[in-house]
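Structures are listed in the sections that come next.
Below, chain A partners chain B and then partners chain C, in two separate complexes.
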Partner chain A sequence: MSVVTNTTTIGAIDAPSRRNTELVLVVFAVAISVFAYANVGLALNGELPAGMLGYGAGLALLGGVAHLVVRRFAKYADPLLLPLATLLNGLGLALIWRLDQSERLLALKSFAPAASKQLIFSAMGVALFVGVLILLKDHRILQRYTYISMVVALILLILPMFFPAQFGAKIWITIPGIGSIQPGEFAKIVIAIFFSGYLMVKRDALALASRRFMGMYLPRGRDLGPILVIWAMSILILVFETDLGTSLLFFGMFVVMLYVATERTSWIVFGLTMSAVGAVGVASFEPHVQDRVTAWLDPFAGWGTHAASEQMAQVLMAFGSGGTLGTGLGQGNSDLILFAANTDFILATVGEELGLAGVMAFLLLYGLIVERGVRTALAARDPFGKLLAIGLSGAFAIQVFVVAGGVMGLIPLTGMTMPFLAAGGSSVIANWALIGILIRISDTARRPAPAPAPSTDAEMTQVVRP
Partner chain B sequence: MNKPLRRVALFCGLLMFALLLRDNWIQYVRADDLTSREENRRIRIERYAHERGDIIVDGKAVTGSVETDNSDFRYKRVWKNGPLWAPVTGYSSQAFDSSQLENLEDGILTGNDDQLFFNRTLSMFTGDKKQGGNVVTTLNGDAQKAAFKGLGQKKGAVVALDPKTGAVLALASTPSYDPSVFAGNSDKDSEARQKLLEDKDKPMLNRALRETYPPGSTFKVVTAAAALENGLYDDIDAKTESPLPWTLPQSTTPLSNEGDIPCENASLREALRWSCNTVFGKMSDDLGNKKMIEQTDKFGFNKEVFTPVRADASIYPEDNRPQNAMAGIGQASNRTTPLQMAMVASAIANDGKLMQPYMVAERQAPNLDPVYTHEPEELGRAVSGENAQKLQQMMETVVKDGTGTNARIPGVTVGGKTGTAQHGLNNSEKPYAWFISYAKTDNGSPVAVAVVVEDGNANRDDISGGGLAAPIARDVMKAVIDSKK
Partner chain C sequence: MSELTLTVMRLGFLAVLWLFVIVAVQVIRSDLFGTRVTQRGSRRGAAETRPQQGRQQQQAAPPQQRQQPGRQRRGAPTKLVVSEGSLTGTTVALQGQTITLGRAHDSTIVLDDDYASSRHARIYPDRDGQWIVEDLGSTNGTYLERTRLTTPTPVPLGAPIRIGKTVIELRK
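Here is the complex of A and B:
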């Protein structure tokens, strides 16, 4: 930095680390969450919830530990990412706890209270976050594991095929006695590492060797290989695991990263064409996907006859009934959605109880995380870091879009969960890891360059004061 | 690499913008539509979330609202004496919607009606719990009880009106039902309702408003009114041109009278006193179908009546001469509701003016302030004042020393007309016993009644308007007069 000059007597002014900003924001995030939790208790039972202290202390502990670790191991990291994740996670816990109180949901066989479990999952997520920051001193180390990542990602994606389908999708692996894991959430991160490493090496070949056709640079046939493989894999996931969301997520992430790596618009055109072909092709014979499309086109047409439509109609009515300001936490009837009310459809509870204002606030929180991720990519100095950051934040954005868009009826519904908000261990743990990696990259990106070695000339002209 | 990064950032921004736009679409633009959809259970949850207002008779609530342990629908409707008031209030069930007053006045009872807007806004600031308003009815508890007591185990209906205003004083239909048994949302409620629906006596049918009967001889009053109005006869004590026996026009069937009664060329007064079929049959034939229909129109026939609860239209048929002659004595396909015959009696008692029947006197906000008060409304003139007087004299003779002596009340002038309506193929089924009447005191007429008893259990020969129906009418009229003292 230019501040550090040869006038060493003034002393070096350190680059701002923004850690205190982060601390204030984390405290704020915890306070808002505790307020929401109290709000739920007051609305439902007319008194402050008994678990409020424990909940508040737990959340404050998680935020506090995460902050201290960032302060110690990633001093220059982006100050917004951690508070945003803490806030979303905290509000998610309050929402899950609110739905735990619903008599309608408790009457369901498939429903079990999830708040305390979710707090444990959050703790595991923060532990993984801490692990990432302590063990991963520099994100470039991940570059070494490019091909291992590929293998791990493939295994994670293929594993669920061998486990029975749950709720119409094979996205779970069930470990007896422990529970089920959704490996897709973790694969999202691992595959981003693989793409970054692979594209960093191949980007020149992919970008330069091309033919010009109708104003577009078309890649050579053999360079189409990787995108075809990823496309085929996405289609296979869609067909065998009937998981529209994950399939869309991987393909979208790959196209975004390919475009960033090569700066070739033609990849986007290719990507969009291929996903359109794939989606239409699969939708034409896969009943699970057809169900979702029917429900999307006219949810009310299938009232009473078509379960997927009816659920979608319930979700839309929850949003609509919330109106501009919502009913207030704990005072809505979003539990009428019944199945998956606290996982895939948790945004509908936000919609009904916090209204349009609340949903927009949540969307902006997600948007802010994406924005910080993209900014990290812009600021990163190495191509691998840039690619990884844009891959992760792009995946995050696509996931939010696919889930929120699906729940709000903008696009057909897919079985994915709102990051940090929805009940479910895999999602919250994986997303904490994702935030950890972004924080690590941003720390490297924002870290001031090492001061240049003191010039010998400066030494010579130093004024020695008495 | 930064150029594509910026574009990707823009793309992510577009995704978020699309979500925000969509959110505004469903939560703002389409919010009302989605909120008010019939599939939206929240409407019903909200509906039962607080105490429902009451329906009030004689200053006391006949309904109530109790908290249930149902998590969806918290409050449920109860009736203090369900069978007594079901013909008036209808039902209000969490599972099966509502009917009659409970349905029509739902906005007031739930507190959602626009008439309560000011009230609601006020309580929003004062923080009062949302409450429903009350509906004050015109009914007279004593008259209603007398009606049910009189009908007892028999099937039938009673309607009592205040001739001066059109206020409904009694509205009974037997067998009745207790709407409390299916007011909830459980399987038990479903079963109870199913049982009521399958009951062959149709307890949920409101016979006073929704069942039409052949009016029998009570209709002769209308035929007499038509004769007087159209100038066919002027003097009720002058002889009419009524041969005996009299054969139905265009046929060889003679029209018979009940027994050997003095009907040949009987005056209007005597013909009504003895209930001469031949006299009124011929009278209807002399007037013709068109004039008969015109007169029934003036009494309110041939269209639905809203009290505000809908009553079926009573129909005087458009038909050929023999049928028209039969319809003139309340047979053939002449069909009326008990309410309609009460309207006939009340129009005559009110010197010819027919008033709109109504049951809701007042709607009250939750704080008991009236937000609506009914003003009596004239439907039109059924007969001239002069002719109404003549008809009154004829009907009073019937009660004084005719077929309706059972309706006499000491110290009160009563006018009435009996009827025993044949029905079924070749009149094979047990006839309906009818009685319509009014009472008159020094201040005009306080009550007009129509009673119909369709008793399948009684001995056929015992069924007559004078025997079965008149005592019920008498008790109802007496209850009204006594309650005004």
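Here is the complex of A and C:
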């Protein structure tokens, strides 16, 4: 009989791998989505929809594959990210299918049923998620591609300028015969990699070399350079592509990451001032943006004359008629929004058919994803991983804020998609990749430290008792 | 579909949606644990027991000791608490492992105390599960209650062990 231990170490309790919790939650998420689908069918046609089995099986397959890959390649990853993404994606599919059944929308020329396409896009998204987890063994590899990411992001942002504008904004690349993609969604991830690589190197200069003036730390002129470049870039996007959302997303993400890297409140003050100046400046001469501002200020004034205002008014009425508990899935009239009802305005359908209670639940689901991202950043041990996690979850949060705020009339509407919920391939694929990177970082962050080698002085001790 | 069914489904769906949110928030509680003591180098097959760390108290105890009769005696201390000094409030679960105290970085409890030696003392269970404190040749000595230790001595529950400015005791 030997005394077994002599040396010990004290540390945080290792998070257990919790893959089983994740599995249970993924199953739960798929079940809720199938319930939503069945509910829509029962409400609209009085019978269970014919595609329910296929839809449920498809979603379960996606969730199951994603879960197995996480189990195999990212054992200690956060248990909530995958179920939350699966649930939002599944509910998005059910809502899109619900809008596909609408007579009003089907009569519209620009409308095409999107549910089956969206399921394929989700499958592509999960495939990219799987690819990220298998190919990206360690998120620190991305650090090597800091400046390459910058170039790639710029190319992705500039490309749409050479393609014709659709719906008033040049954010699509149209490839004849294949379809169109929205490179801005992917640029969001790539540019987060650049920002975190750049700020990791420059954070000390940005944080410490500053003068104190009126209780605020003013950065030196030469350190101000990058923020001015990003600002100019986002303004240029705004002017040439008339895409308010993307420029807000980029600038906001940069300010968030700058603040996290340097802990200087003055950057936030600068950032808010500059974005306000930029937005007001552009809004005063860009007709497309002016249109949105008019619709935001008084949506009901332009009823019947101003299309953007009328649409906004319909959205607000959808939220209003939903009330607290909603009209029930499939029983609302949110399809009156007509154009973009299943993309930018899908939250209005949630608001009408599930009511305030449903919208709050959806916002909490998004909030939980962001919370897990921030938690991952806190737990990550390397500064690059911290910044990348905070940048990605910050971008996700800003995107949700910009879309939800725009749809609810808090800020002028911008053409961005609700992550996972809205119909649209680029968005769902890019967001699955984003979740994949977050899961990879959280796996590294939560992985227990490897057991140290047995200590040589761990000898047996004789105890002599009096 | 009758009106009633649809209403039940509508409310039921909201309830299920919120249930998911609540379950998800409950899962987050797993992040809110304190510290634990891991043993170095002695747990063979540690990798296999990792996933079941929900039951750490039992898992972490080495299997050989667990089988001994009288190991889990009633009244045996379960934790070590720092009651005075800069580390006040720190607790370490007693799981049959040796606890080393001192200024050395690899100590279980790293004392930031000018009066402590780098390897000051250790506390370990003997074969009967009785906890023993032993001074490791420290400069300023280890005191159990009022007496300076010269030999390894059993520690009664709640008896203060003083090292420099730090006082620790074993509690249930």
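Here is the rule we use: the second predicted complex is superposed on the first by the 443 of 466 C-alpha atoms of A that agree within 3 Å, B and C clash if a C-alpha of one lies under 4 Å from a C-alpha of the other, contacts with A are read in each partner's own complex, and residues count from 1 in each chain.
Everything below uses one rule, namely that a contact is a pair of C-beta atoms (placed from the backbone, for glycine too) under 8 Å apart; a residue touches a chain by one contact, two chains touch by 3 or more.
What you are looking at is a predicted structure, and each value in this text was computed from that prediction instead of being measured.
Asks: Per the overlay, which chain contacts more chain A residues, chain B or chain C?
Replies: C
Asks: Please work out whether A:L87 is in contact with chain B alone, chain C alone, both, or neither, and reply first, second, both or neither.
Replies: After superposing on A, A:L87 lies in contact with chain C but is clear of chain B.
Asks: So, A:V280: does it touch chain B (first), chain C (second), both, or neither?
Replies: After superposition on chain A, A:V280 lies in contact with neither partner.
Asks: Touching A:I390, do we find chain B (first), chain C (second), both, or neither?
Replies: It touches chain B, and chain C stays clear.
Asks: Scan A:L329 for contacts with chain B and chain C and give back first, second, both or neither.
Replies: In the superposition, A:L329 touches chain C alone.
Asks: Given the touch rule stated above, what does A:A361 touch, chain B (first), chain C (second), both, or neither?
Replies: Touch status of A:A361: second partner only.
Asks: Is A:F319 contacted by the first partner chain B, the second partner chain C, both or neither?
Replies: It touches chain B, and chain C stays clear.
Asks: Which positions of chain A sit in both the chain B and the chain C interface?
Replies: 355, 364, 371
Asks: Please name which positions on chain C make contact with chain A in the complex.
Replies: Against chain A, the touching part of chain C is residues 1, 5-7, 9-14, 16-18, 20-21, 23-25, 27-28, 30-31, 33-43, 46, 50-54, 56, 62, 64-65, 92, 96-100, 106, 108-109, 124, 126-127, 132, 151-154.
Asks: Applying the document's contact rule, which stretches of chain B touch chain A when the two form their complex?
Replies: Per the touch definition, chain B meets chain A at residues 1-9, 11-13, 15-16, 18-20, 22-24, 26-28, 30-35, 37, 39-42, 45, 71-72.
Asks: Show which residues of chain A lie in contact with chain B when the two form their complex.
Replies: 103-104, 256, 259-261, 263, 300, 303, 313, 316-317, 319-324, 333, 336, 351, 355-356, 359-360, 363-364, 366-367, 370-371, 374, 377-378, 383, 386-387, 390, 393-394, 397-398, 400-401, 404-405, 408-410
Asks: Tell me, which parts of chain A touch chain C in their complex?
Replies: 1-19, 21, 25, 28-29, 32, 35-36, 39, 42-43, 46, 79-80, 83-84, 87, 325-329, 331, 354-355, 357-358, 361, 364-365, 368, 371, 375, 448, 451-455, 458, 461, 463-466
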